[in-house]
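In the two assemblies presented below, chain A is common to both, partnered first by chain B and then by chain C.
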Partner chain A sequence: GSAVKIELSCRLADKYSYMKILQVTWKRGNETIKHINKTENSWGIQLTISENRKLGSYTCTVTGEEEFSVAFHLQVPQIEGREKPVISYEGDSAILICKSHSYTPIAWTWYMTNGSEQIAINDSLMLDKYIIDRTDANVTHLKILKLTKEDDGAYWCEAAYELGKSKGKLKLKILSLMVPLKPFLAIVAEVVILVPLILLFEFYSKKKRAEDEKEFDQIEQL
Partner chain B sequence: MGFLLGAFATRLSHLYLSVGLLAGLGWALVFTPSLGAVSRYFPTRRAMATGLAMAGASVVGLALGPLVPLLLDAYGWRGSLLVLAALSFNLMVAGALLRPLDVTIEMESPRPPAPRGQGGLRELLHHGPFLRYALAFVLVDAGYYVPHVHGPARAQEVGCDEQRAGLVMAVTAVADGVGRVVAGLLAARPTASLLRHLFAWSVLTGLALLLLPLGTSFGGLTALALAYGFCAGAIVPLQFTGVAEVVGAGRLLHAIGLMQMFESVGSLLGAPFAGWLRDLTGDFKVSFLAAGAFLLAGSLLILTLPSFFRTSRSDGSGTEGVPDPVPKGLELSSVPLSPPN
Partner chain C sequence: MQQQGGERKEGKPEPPAVTGDGSQGTDRGWAWAAVLHFFLVNVFVMGMLKTFGIFFVAFQEDVGGSSEQVSWIGSIMSSLRFLGAPLVAVVCRRMGERPTSILGAGLVSGGCLLSTQATGVPFLCVSMGLLLGMGFCCLYQAAAVMTAKRCRTRLAFSNAVARSGMGLTFLTAPFTQLLIDTYGWQGTLLIFSGIMLNLVPSSMLLRPVRTQLPLCPPASNEDRSSVPKGHPEEATNGAAQPSQPRGLPSTEPPAEPCSTGAVTTAAPGEAPTDSCCPETISEATKSCRSFPVLKEEKPQPLVDFSPLKDPLFFIFTWSFLFSHLAYFVPIFHLVARARTLGISSMDASYFISVAGITETGSQLLSGWIADQNWTKKYHYHAAYLVLCGVTNLLCPLATTFPLLMTYAVAFAIFCGGFLALVLPVLVDLVGVQKLHSYLGFASFFAGIAAVGGPPLAGWLYDYTQTYACSFLFAGACALLSPVSFFLEPLAQRWKLQKANVSMQSEAILQGSSGRAGFGCSHSQMPTSTDLQCQSKNC
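And then the complex of A and B:
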């Protein structure tokens, strides 16, 4: 694949220029990297990133009377999952979507969690259950058909890049139709009770008014 | 029923038919008679009553703001449609409550019966002032809904997160409700001219829309949105009671129905047009300017109505529905006829 050349540099703020600098270290983990003195107050390193091993956190530490440290995190693009669960119903189907912004992954893989294990989903094996849409390379859709309670749980979409992989988490929650049915029936019951009550009340008060008028007429006639 | 059927939809076209067509039809069939009923019950305080009635819609709109996301998080879209369907069935309760007084008012009112049947409708189409009134509201509607539809997107455009965008919309809804009531109260005074109030509020709304692009911070946007909401809400009761001044109370229902039909053209095109302008120019500034322009254009049309420059107020309860371009002030003595006992 193609390698990326990148230069990282750190600079001490002007207000500390009085400080006598004893040591400047560039490290990745425990491994020290030789740096170059760019200017009086800045130091840099040049890296060629060609494989996953070279990714990670690079730190620059400046030691004098005080010690200052800064870190660069080189990583593959992070995939965003969804915080809120996707809600669907038994027998219905659901679509889980993952997007990679700016960068196009080489491949996408979907995993479902079974207990504590992550199992890859093979859509060619289970054609009537899972469909993975790969028309757009930057986006992946996992369509799950004929949902059951067992499909409830966490799913992972993994994007593979040249330099590494990145995962996003999504949650799928399966409800039975009974769940929204309860508030539905409660409210409809309220309507079914109120409407006849109101109409009965109207009918009764109309009758009463008619009776009052009849009484009135009868009194007038007397 | 539309919502209920929509909960079981398996394709987008199902939703178009159930929630769009059926529920929309239901809402339309409920709306006009409700307005007509309120007008019949309170012929002398029509504006205030309508204002209060329409404020009820604001309350629910405000409540739905946080309620719908809660429903969606708990039940997904199918379950939410189910619950909303149940809530909508309560319209039947409201309908049942509306019936009682109708017969008594009819018996007491001495005014001659309004012309019934299709004749009234066709006459309306030739009624110059009515057509101008309806056209005014086609223009008004083209701009009116732009903040409602694109508001959250605009809020996020100026840097608000989802929560704050929701807050801006909620504030607008509250201001809208208050505006409806206040406008109704102001118009209830006997010396008030409905059409002049309507003109004033729609001009103010247009100006508020023109100023909206200036809101580039959460605070600024909220303040301007509040002003917009208040003025926009004020238009609502006056729009429907103003119809009586233009065509007379006898043809109120026909006129409202016809006007709403024309208006829907404006509202259908307004928000997408604003969206198109945004895609064209990169942000919503021009969209809001255009919306304001529509509002002001509609206001100008209201100026052309014959009833506008009349000094004595006609509440429309004494005239029959005969199309006349002659100012009604000459015939009517402005004293509401009292029912015989």
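And then the complex of A and C:
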């Protein structure tokens, strides 16, 4: 992606202007940044951010009689994937959805994992397999058609922002049609067994009642 | 021989549901089978309706469509359950309860199966909304009426036992979630369709109550079920004779039918052990009839609109409609109100669970109490409604967790109380013969309330910006609901007068043509006497 230039500066508040300043340091974690642009009463640094490595917390520490510190947090929004796997069936299609809540990314890219590698999904190449819906910039839909067992696995949706990229993970699980069919057939079998049983019971009790009636009538006639 | 008959009858004491032909034991069994089926229907139907919310999310993601479109599916499903009732009542009357119930189970099962192939929201509206809604309606109507037909002496308790199935539905939500996590929504619907198919064998338990007695062979024309200890009619062996007492009702004054029924079955000294007002011929203690029954020779119209001409119907429906509103609105808004008062969702969900359990227990207790027949059932019904209304009106005063919990418990107790009695009160008012049409139309009007209830509640909140108003509204509805019961004695008297007039004119027309089986057909008999009968003998 293209690099972004950012300038960060920190300034001491007016009520401390009496204080003699010994040192001003800019740090990122433990790493000190050397080039500090000093203007009249502020100290700044220039950063060129092009990849996630340069993101993090930048602190400006002003040391005099007292020490003051301020921090800038450069980060990209966290993309939520889905913890629970998306379940779909062979031959069917599945939709994977990623959302970026407050910030609008520049672009979305989808990756599928093949072994340990992550391969970008190019929907223009494989039109009958993948469809990426880009109508809403904050949301991306990946529709996978004609699912097979090989489509099972982890998918990543990557949102590119000016400062860097952020990934979310989704899992797709492909089941064969037999999997839910087995419990279904078991239940249907149970129903099929129960129905004649009940019919038999009813027939038997009807017969018994008819016999009782006949018997009673015979007794009556005696 | 007669002694034998006597022993036989005495050996089987007072059962909840009966035909008096000596197989009272198995008939009691069939009554409990009907209750079991009704219980299962409640579990599955309410379970499915309540778990729709879980499917909602899955549908939105997979099938697409906006939130509003997907919620139409749920609305159609739950409203058709009521709105389809008049149609189902017609089907039930034509085909009988058992085929209707099997049809309903088939519809539900087929609807679930078809939904697995859904590709869009309109498809789901039809397959899941329409088919499932009508299926539920068929199942519910058939089960309710069969329970009413079979359990006459302990209807309130049996109804409460069956309704307690709704209390089990709290298990269906985690179960559905588990299934969706394992099999996806399509697999889950497939498995549900199998589970619903279980309602087919359970529908077969709805054995039709015998309405056509077999023709007697000429020699035996005596009630074999009667205790002929010095039975005066025993001596008369003519084929025509025994039917005379039963043929007489057409000319006898209205107060007689119950005692007439009693006379034909037993010596006066013996209390009839079955309900004295047989609503259908089968309940008559004659096990056979001497001539072909002339009853109901006039063809029944396809759709029976007579409930709409009956003031008792309006009394009941008024009460039903408002009590429905009073029940649903607080349920919707209780958790939301708890949250606005600062109670966490976790704690708020305790309200729902506690309320559910309390309601189930209260239904059972209320059913049992009502069956003791210390007073008319609708007195209890009205009392519970008034108490429920007062509770709701006091709800806005509950602002802390313990107070809200008290409200939830009190609300559940009173709601459980009146819910258990809805069906018994209807049966008391109109009897079992015409229950289908009455229940059908009453459900239809209740359905309108059910459809309008949630949007109305939502509108109330939007308009007043506080949930307290919904509770006041519900309280007002609950207090309005029993008002119509004050008109009940008036309506009964009106009906009595009308029936007297029509009966006398009929008696003149029919004469002594032996309208056997006139018995207690409630459409013509004034019901106040039946109520007295029931409380004394049944």
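Please note the rule applied: the second predicted complex is superposed on the first by the 154 of 222 C-alpha atoms of A that agree within 3 Å, B and C clash if a C-alpha of one lies under 4 Å from a C-alpha of the other, contacts with A are read in each partner's own complex, and residues count from 1 in each chain.
Just so it is clear, a residue touches a chain if its C-beta (ideal position, glycine included) is under 8 Å from a C-beta of that chain, and two chains touch if they have at least 3 such contacts.
Note that the coordinates shown come from a computational prediction; the quantities given were computed from them, not determined experimentally.
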{"item": "Fit or clash - chain C, chain B, common chain A", "value": "clash"}
{"item": "Partner chain(s) touched by A:Val191 [first = chain B, second = chain C, both, neither]", "value": "both"}
{"item": "Dominant contact partner of chain A by residue count, chain C or chain B", "value": "C"}
{"item": "Contacts of A:Ser166 with chain B and chain C, given as first, second, both or neither", "value": "neither"}
{"item": "First (chain B), second (chain C), both or neither touched by A:Thr140", "value": "neither"}
{"item": "Chain B versus chain C as contact partner of A:Ser100, first or second or both or neither", "value": "neither"}
{"item": "Which of chain B and chain C A:Ile219 touches, first, second, both or neither", "value": "second"}
{"item": "Chain B/chain C common contact set on chain A", "value": "84, 86-89, 92, 175, 179-181, 183-188, 190-191, 194-195, 198-199, 202, 205"}
{"item": "Chain C contact footprint on chain A (complex, rising order)", "value": "84, 86-89, 92, 94-95, 97, 175, 179-181, 183-188, 190-191, 194-195, 197-199, 202, 205, 209, 212-213, 216-217, 219-222"}
{"item": "Touching residues (chain side chain B, partner chain A) in the complex", "value": "72-76, 78-80, 82-83, 85-87, 89-90, 92-93, 96-97, 99-100"}
{"item": "Complex contacts: residues of chain C adjacent to chain A", "value": "1, 4-5, 21-23, 26, 61-62, 180-184, 186-188, 190-191, 193-195, 197-198, 200-201, 204-205, 207, 217, 219-220, 222, 224, 287"}
{"item": "Touching residues on chain A, where the partner in the complex is chain B", "value": "84, 86-89, 92, 175, 179-181, 183-188, 190-191, 194-195, 198-199, 202, 205-206"}
